Amino acid sequence: MQTKTAKVLANEVVASGVYKLVARVPEPFEIPQVGQFLTIRIGEGIAPLLRRPFAYSNFDSSNGTLELIYEKRGNATSLLSSYQANDSIDILGPLGKGFTMPANGTLPVLLAGGVGIGPMLFLYQELVNHGFKPILIVGARSAERLPRELFPKATILYTDDGSIGGKGTVLDGLISLKSRSLLNHPLLYLCGPHVMMRVVYLWSKSNLSKASVQVSLEQTMGCAVGACMGCVVKIHHQKGFARVCCEGPVFDGDLINWE
Amino acid sequence: MQTKTAKVLANEVVASGVYKLVARVPEPFEIPQVGQFLTIRIGEGIAPLLRRPFAYSNFDSSNGTLELIYEKRGNATSLLSSYQANDSIDILGPLGKGFTMPANGTLPVLLAGGVGIGPMLFLYQELVNHGFKPILIVGARSAERLPRELFPKATILYTDDGSIGGKGTVLDGLISLKSRSLLNHPLLYLCGPHVMMRVVYLWSKSNLSKASVQVSLEQTMGCAVGACMGCVVKIHHQKGFARVCCEGPVFDGDLINWE
Amino acid sequence: MAKTFDLRVKIGSLTLSNPVGVASGTFGYGSEYEQLIPVDQIGAIYTKAVTLEPRSGNEIPRIVETPGGLLNSIGLANVGSREFALSKYPFLKGLKCSVIVNLAGSYEDDYVKTLDYLEEHAALDGYEINVSCPNVKCGGMAIGTDPSMVQKLTERLRTRTQKPLIVKLSPNVTDIAAIAMAAQDGGADAVSCINTVVGMLIDTKSKRPILPMSTGGLSGPAIFPIALAAVWKVSRAISIPVIGMGGITEPDHAIQFLLAGADAIQTGTINFVDPLMSLKVLEGIRAFMDKEGLTRVADFHQFLPRS
Amino acid sequence: MAKTFDLRVKIGSLTLSNPVGVASGTFGYGSEYEQLIPVDQIGAIYTKAVTLEPRSGNEIPRIVETPGGLLNSIGLANVGSREFALSKYPFLKGLKCSVIVNLAGSYEDDYVKTLDYLEEHAALDGYEINVSCPNVKCGGMAIGTDPSMVQKLTERLRTRTQKPLIVKLSPNVTDIAAIAMAAQDGGADAVSCINTVVGMLIDTKSKRPILPMSTGGLSGPAIFPIALAAVWKVSRAISIPVIGMGGITEPDHAIQFLLAGADAIQTGTINFVDPLMSLKVLEGIRAFMDKEGLTRVADFHQFLPRS
């Protein structure tokens, strides 16, 4: 992890309310693992005050170019969307624990909801580079929220309103895969809203034999380096909680207390 | 007084650290008197929180175009300097009491220090329009702080370092006028740093017979409409204080307790 | 299909037309804002503090910005009760909205005398008893931090007016609920909270406190969470109405106060920034009630019951 | 012609190399920030609170942003004294900078037992006694708002260690100077102030308090003027050193604390935003001393004498 002043190369709308930011990190830079994140100090004022976390959606280690996909949600992300090429951004990363690569011969199935798409695109690419044939299922409220140009061709789409792809959620996508009996010892990777991950995890545990599930969680962060105990999630372990920023954001789904 | 969303037409550097902002106020607009001011909500956040006051340096009542000249001092004025043509600004004005026009035959002498220049240029123009032949003396730290392109030709300049015009302050300018015996029953108009106005006022009272002096004061403002009692100045009157925002900003120099 | 909402709020014998007021010291005597906002639509105007005698207030500067806040040291500058009756009362009396006079003094007797004078010469809709001003040497906060003094003062004022008595609480105490209970026990019709928080800034150039009395009163966005916690606690300790304020800059903040237990709110510092904000807040409250199917202000309290 | 400054600060028997520390709860146990800042150059690290037994802390969410501030409800989540001695102590012991352990508990006895345990198994440079945490049901602020409890606790701890005892004060009191005097009377070597201010936010969508215990502790820029006023008052009431903190985001704020009477300062929330700020603050203090011709930290107190 390191603090760096990166230079924005592009910051563009890729779907309704969704942006892709591309920035160059000066040397010497650390290369993020897939599933890791960085934090950005957005603006220089006191509101927003805290740095905001975003997952890497790509990283070109030949020249230190990072990409992230983010949704305009509140104050900070609105302000971030006003950054332009050549602006500087103050970043801190790479942070946290990323995804574990599958064992050879496993079928990786990636399920992304909303802006959970960012790290999943990065993971998809990495898996392909390692010779896997991952399946990517992406869900969103409706077609215009999906940055489809960024998706691999074979991406399976689901929307709540059926405006593109299947009508339903990524779970429906997973279920239909099962009916095509693709899934033996599958390795599921989930990133998206908490309730989506919860539903998919619980379903897969009771419906897929020996599924193993990696989830990438979100939690409000203070320090993002493990110091403040602010970003915890409940786990099945006597200590009760784990810190998303440094023990995650990627966890084995079995560890999480999904209550 | 009214709140309006004005449209920035231009916002340009006119001297080192000094800017001129031009904005169009939509109809129906109130026409400011010379010496009145407006307040601007700069940014939309909580810091800067308060609106900031600026004097009109011009107003074109044919189309509602206002001008102001401002100096980059702190947070708010830095942020203001980043506004660009077509941006909106939230203004409240015209506010306060402006200058009183001189009686016919009087010689108006205008002394401006620093960004006190804004209202003085407006006043100069207005006096010329009314057939007066005002004298304008402008002082600054050094040449590069003076937006000279905006000045009438006959403007008398003084700088602390002598980099342009006379070396010294506007008081030296006034003194040299006296030696040219221009001054009988002069009407002095002052706008600039408090200490400059104090010195000129005190000198003129003891050196110019029957000088009358109008001063335009600055004070930190809360409401700018007379409600909060925040912007007061000490006066020679039993009530002790007067509010700069509504009883001023222009006062008869005799009323002010210059201590 | 416009629904009808009952936005009225009862404070003792008084009914405010809606829960949104403008806070004392931030709206003068009303007339200053006449050109900027349709004053009559506001639920209540709380006047600048009125003291028996005129006060010129503290030395300058009196106002300075802090990170997300405003620090003031006005020192209860006001025209005094006689001048108030002569020059401010006529305008205020003519307004359709409720007008509450904010009452201040140095000693208990001052409050009593001022109230008596106003009852006789400038009777408006009620009194907000300012025992929480941090910017005067005696009186103000000195009274407001002591439950027994608050109770005694309230009791004395109670015997002298039928009009609503609202005690304005200071946040600069260990237990604001105890002060609120003392006000209730003394016969107050409501409490309002909070007044400003004691704060300070130093000018590192002159190496002196910026404000003439060193400390001042902090208001504005910075104190919103502090004010909300105060209203929450106070609402759970007493049964009379609570009027919430402190740092409101948008309708959502006002709604938070109402959910926390307030029956009404006041916008303060934000009036300086956006003179129309009180009515925007009112509009936002109405929109929230519409969306959530609430019909009366009391409905806000169903989610987090006051007791 | 680089001048030499004596930046050292004495707290009881301990000498800090410079006046800038990092506040408890915002810097973990030091190692978390090792890659981001040369930790050894900081004047003092104040650890996350240590309690006798491990605590998992409060439910989530634990952190939420407010206007210009941060509201937290960590609930003293920490590994407990045994694990602290095993896994945190070795790293901390190896540091060249001073390390002060922030001590917390529910009852007086907890503090005593924890101190005894640490004295024996994980002796560092001193203790900051946290009697001001607003996020736990008992202990914490309940002790810190009562002068007699503060004095008694300090006295008991005083008999058990020679190391510096720093009592951390809560701003949520009527008279913070009285608490500071109680700490001094109990034998404290210094006080630090302020801990967080009680605050609250409500989610108007769910209509529930955002934090699980309803209220939390407010820190960050919003509270700076409140903290400065507290340090100012406390410095004028006691003669032992005062360590100032609350809302520092830039060197100028730290300089204001020193001018107000503080002998040292701590950066807190800002460490999350800019992990290097503590050292930037130190650099700013040095530059100010250079410009103003100050040579020792005590020179800051000549402008506004403490008494």
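By written order: A, B, C and D. Residues from 1 in each chain.
Just so we're on the same page, a contact is a pair of C-beta atoms (placed from the backbone, for glycine too) under 8 Å apart; a residue touches a chain by one contact, two chains touch by 3 or more.
Keep in mind that what you see is a predicted model, and the values were worked out from it rather than measured.
Chain centres here are means of the Cα atoms, and by that rule the chain farthest away from subunit D is B. Across the two interfaces under comparison, A-B and B-C, the one joined by more C-beta contacts turns out to be B-C.
Measuring from the averaged C-alpha position of subunit C to that of subunit D gives a distance of 34 Å.
In terms of their C-alpha centroids, the spacing between subunit A and subunit B amounts to 55 Å. Chain centres here are Cα averages; for subunit A and subunit D they lie 36 Å apart. Taken residue by residue, subunit B touches two or more other chains at 46-47, whereas all remaining positions touch fewer. Across the assembly, subunit D contributes 67-69, 221-222, 249 as residues in contact with two or more other chains.
Because contacts link each chain to all the remaining chains, their graph is best described as complete. For subunit C in complex with subunit B, the residues that touch the partner chain are 25-29, 32-33, 35-36, 48, 54, 56-57, 60-65, 67-70, 72, 74, 77-78, 220-222, 249, 269, 271-276.
By the touch rule above, subunit D contacts subunit C in their complex via residues 66-69, 71, 145, 172-174, 197-202, 204, 207-209, 214-215, 218, 221-226, 228-229, 232, 247, 249, 252, 255-256, 259-260, 288, 303-304.
By the touch rule above, subunit B contacts subunit A in their complex via residues 45-47. Residues 67-68 of subunit D touch subunit B in their complex. Those residues of subunit A lying in contact with subunit D across their complex are 1-3, 41, 46-51, 92, 219-234, 239-241, 246.
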